[in-house]
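Two complexes follow with subunit A in common, the first pairing it with subunit B and the second with subunit C.
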Partner chain A sequence: MEDLIRRYGTGLTAVFCLLVAFWILVLVILPNFAMFEQSFRPYLPVVDIGGPKDVFTMGNYEKILANPVETSWFGIPITIPIHISTFVDTVFFSALVTLMTLILAYPLAYFLAKVANPRSIPTLLLLLFIPMWVSEALRAFAWYIILTFNGPLNALLKALGIIDQGVRWQNGVVTSYDAIVIVLTYCYVLFMLFPIYTAITSLDTNQIEAAEDLGSPWWRTHWRVVIPHAKPGIASGCVMVFMLSAGSLLVPTVVGSTKANWFPQTIYTWFNDALDWNTGAAYSMIFLLVCILFVIVMMRVFKVKLSDIAK
Partner chain B sequence: MSRNRAILGQLYFALFILYLLVPLAVMAGAAFNDSKLPTIAPWKGFTWTWFRELWADQTMWGAFLNSILVALAVVALAVPIGTAAAILLNSISGKVRATLYGFMVAPVLAPGLVIGISTVLFWNQLGRSVGADDFFLFGRGLHLSTLGQVSYISAYVMLLVLARLQSFDPGLEEAALDLGANHGQVLRRILLPHLYPAIAASAAIAFFQSMENFNVTLFTKANETTLTVYVFSQVRSGITPKINALAFLLILLTLALALVYEVNRRRRARIEAVREAEARRAEEAMLL
Partner chain C sequence: MSAGIDLENVCCDFGTFRAVDNANVSIKPGEFFSFLGPSGCGKTTILRMVSGFIEPTQGAIKIGGKDMRGSRPNQRPTALIFQNLALFPLMPIWENISFGLEVRGVDKATRRKKAEDLLKLVDLPGAADKMVSQLSGGQKQRVAIARALAVEPSVMLLDEPLSALDLKLRQHMRAELRAIQKRTGVTFIYITHDQGEALAMSDRVGVMSQGRIQQIAAPRDIYDNPVNGFVASFVGENNIFEGDISPVADGMASLSGPHGNFRARILPDAQGKALKLYVRPEHTKLSKTAAAENSVEMEVTEVAFEGAFISVHGLASGGKRIQAEVKNDGVTQAPAVGEKVFATFDAARALLLPDANVRG
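Let's look at the complex of A and B:
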């Protein structure tokens, strides 16, 4: 701090500190505190705010336990509250998306980092970047066109003689979340690729060669040498993809069926259609807690620090 | 063995690129199909109709203008904030630095809808507590979208500038001070010129991140639309291939930018190679 004042003087240092304080306090800490506080207050008309009815309550959080519905998990029928069901589905299918992007991205990251010709890497990376620069709304829309009932996918499969009748992809074939999982995987696979690529690049190629010279089969080389080294990258990719998938409102609304509800859609309904901001705040607190929990689990599983993930 | 692996890798890469590009190609192709629904099969003939309709769509132009205004405002706020944060972080160490760093990068990991909701609730509450509920600045609107976006985009700026600061020699500032420069000059003439590449890159990233943003904007906006929200509402409420025409133009723009970048990079790489060769020759000549 004294160093800053010596170099840039009191005035400029004060400006720096004010800018940072505005960011951290006014844009980050206070809004989150406001959300936390309001989630414990009932939804009231403006005249009652601050009045005798404005007390702290768990009522908003209890709403998630209302409206039990019958559903089934892995073929076992159960009765649970509808929002809990949506919540569990969102977490489960987001984890599935994370796993699928990991399976798709890992071989490619390894190829780019260790197999491909280093001189062509910038061009290859640029090729991968182009689809990422196209907005997410448009990428989801592209899949909407492909999966629609009279769309190119059904036409192609019919022409090839694989199916006779069009398939309603958006309603799902295996589960009603098929379309959402496919499109989320497409949208976020690159967020898995780049952290793993960066992590593998820093691995000394001699280590791989040493393992091979000592007779290790390719899968053991990956399991014992490459993957342990790529762990921070894998953890950071998993966190990014899970957060983006679970928090996506656009993709489920554009390609999802009416039977597939995503938790952010529920929050948006409370917030925008019911105009019950307090319950919306309570639901997003629950959502935020699960996200934090996921980060902690990832840090434990991969034994990495937060500073490795948030790069 | 390793030859096989290289071929397998190239094949996988090609398939992957195909997987990424085919949906975009389908979407772009549908912009030219003379069909009321956006699709490429069945093909009903070539048309420019959808581009004309897009051009005449006042809502789209309004949304486009809003997106650009918000993005410019985000750049104007996030770049100074992020740069100041990087300079501040660079001069402290230990526990304080780690805590501050944690608070700065946390918004990047936080889901957009949480940022959106918390921003709206905070400003609303602030408006109530100063007794100005109806004053428009405390209600939902694009100004809150801007602030919400700044809260996480500043972190990208901070990370880029912080990386660039690692290669800065503080001795230059000492020298300038010793030679009688004042504090403003040290910042303007010594530090900032060194940071300009990072600042320019982060401004570009901030601009595009803001244009792209959907979640924060959806929760913080009032009745206005931005381009992403416009696309979303069009897709939800029965679409015409007008959106495909828009998508085609945006993809074309992306490709053009990528091409300019690549040509530029190759030119620079060539110049570098020539310089290196010259240096080697000079070295050899000296040794002889």
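Let's look at the complex of A and C:
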């Protein structure tokens, strides 16, 4: 603080601090607190707001436990509240998206950081970036077209003789979430790529060579030298991709099948179709808390510290 | 356990640039061999070719008589110690040292034991569970040596491993390295641009310039009988005289130039080339009167006390700089600044040499 004052003077420092305070207080804490507060009130007609019926209640939170349905997970039939089912699917498939982006991004990041000719890096990075200039909505619709029954993917596979009947990709081949997982992976893979790329770039190439010189095969060099070094990058990539995927509304809406429900869609329904902001707020709170919890547990499992991610 | 290394007509090109040109060396098993040369002369490139990170553009590298072309670094019986050591900062010391054994599937208890044995060998007991960042420069050095020794290589390759250390530690580590090499009997190829280091530690030295090996000989021979001006200048100081050569019998020739006529040794294969006369300051004597031969008058410009000797600098006619050393033995008198003296040298101590061996 004193350092700031010395460097920028009292006036400018005050402006900085006020801006940061404004950001945190007005743009982050206040809206979330408003929602938090709303989530404990019943949904009432406007005239009753503030009246005797406007009391503290957990009712909004309890709604998530209603409407049990019969479904099956990996072939095991279970009965479970429908929104919980959506919720678990969303977390599970977001984790799957995270894993897929990691599998795609790690080799590419390693290639860019340590194998590719340094002179071609700017071009390669530009090529990777260009798709990001197109809005997420357009990219999602592009994939919608690719995956439709009469779309180019089926046409290609038929022309290659791999399939002789068109596949309904959007209804799902393995699970009903196939299309969502594919498109989310595509949309967020760069959020995984860049932190890992940055982390691997900072690794001394001599360490990779030293490992090889000591007789290490390539996979062990990665396992023991490159991955431990890149772990903070991998962790921040994973947190970003997981949170973005789990929170995506657009992609599931555009490419999702009728059987694939994403939890943000459920929340959206409460807000927009039912106009019940109180229940929507309660669902949002649950979702936020559980996602944060999931990330913390995963960080514990992989022994990643919060300070690593901030790097 | 140790193996010999043969480089046969080895060349290495980076694009159109030839970093190593036609290197021929035969290093004996158990030898301590140094490559000595200025920055950018291709020393590291040679080492990287021997360890397998670069394939030679031409020629063959043989380790223990076996041609190594096509085998990756992890298949060669070499261990490289990098210029910056390249220890693994996220592993404790003992895992660093035993990494090569982990790769070979050795169980944990044996690895731990071996790491502790090696730490004793490099005089660093009790460091097994520390992290790399907790060690000093010299200690890291030893860990790097231990890590390389752990895989029981036939050949150790060391790329200027002492360059980051301070003078005292460097001198200590020189002796240490030499002792470890004697104890293990492993062939060492050592790279340095410090001639003192190369001359003090090695069985033989290969002096390099611009990708070419200039001379391969024992340290003493490199210093006393350099084959060309580059080698003579790189391993020590010289007074250099230019002029025309006329042969005289018995391996001697005379050089007549602006500073007079001199007689000096000439090598048989140097006949007919452009030559200069090289004589070392410690073989250059000072006297008040001119000697019978090899004598040049100079005015003393600087007298520097160096401890064991006194370094005298002077200017001969035409601004020619001459350097001589006077022993600090309590008998010989050093001249004073401004005094006119004669610098003389023994014909047997002076050499007529061509310039460096470079690409035509």
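By our rule, the second predicted complex is superposed on the first by the 282 of 311 C-alpha atoms of A that agree within 3 Å, B and C clash if a C-alpha of one lies under 4 Å from a C-alpha of the other, contacts with A are read in each partner's own complex, and residues count from 1 in each chain.
The rule is simple: contacts are C-beta pairs under 8 Å (C-beta built on N, C-alpha and C of every residue); 3 or more make two chains touch, one makes a residue touch a chain.
Model, not experiment: these values are computed from the prediction.
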{"item": "Partners on subunit A (subunit B, subunit C) - clash or fit", "value": "fit"}
{"item": "Partner chain in contact with A:L44 - subunit B first, subunit C second, else both or neither", "value": "neither"}
{"item": "Touched partner set for A:P228, first subunit B, second subunit C, both or neither", "value": "second"}
{"item": "Which superposed partner A:A66 touches (first subunit B, second subunit C, both, neither)", "value": "neither"}
{"item": "Winner by number of subunit A residues touched, once subunit B and subunit C are compared", "value": "B"}
{"item": "Contacts of A:F271 with subunit B and subunit C, given as first, second, both or neither", "value": "first"}
{"item": "Partner chain(s) touched by A:L214 [first = subunit B, second = subunit C, both, neither]", "value": "second"}
{"item": "Superposition-derived angle with apex at the Cα centre of subunit A and sides reaching subunit B and subunit C, degrees in steps of 10", "value": "80"}
{"item": "Smallest distance from any CA atom of subunit C to any CA atom of subunit B, in Å, after fitting", "value": "6"}
{"item": "Touching both subunit C and subunit B, counted on subunit A across the two superposed complexes", "value": "none"}
{"item": "Subunit C-touching residues of subunit A, taken from the complex the two chains share", "value": "204, 206-207, 209-217, 220, 224-225, 228-229"}
{"item": "Touch list for subunit A against partner subunit B, complex", "value": "1, 3-4, 6-9, 11-12, 15-17, 19-20, 22-24, 27-35, 38, 46, 49, 104, 107-108, 110-112, 115-116, 122-124, 126-131, 133-146, 148, 150-152, 155-156, 186, 239-240, 243, 246-250, 253-254, 264, 267-268, 271-272, 277, 280-281, 284, 287-288, 291, 295, 306-307, 309-311"}
{"item": "For the subunit B and subunit A complex, residues of the former touching the latter", "value": "2, 5-6, 9-10, 12-13, 16-17, 19-21, 23-24, 26-27, 30, 37-42, 80-81, 84-85, 87-88, 91-92, 98, 100-115, 117-122, 124-125, 128, 133, 147-148, 150-151, 154, 159, 170, 173, 177, 182-184, 186-187, 208, 211-212, 214-215, 218-219, 227-228, 231-232, 235-236, 239, 243-244, 247, 250-251, 254-255, 257-258, 261-262, 265"}
{"item": "Complex contacts: residues of subunit C adjacent to subunit A", "value": "51-53, 72-75, 78-80, 82, 84, 86-88, 90-91, 99-100, 102-104, 147-148, 151"}
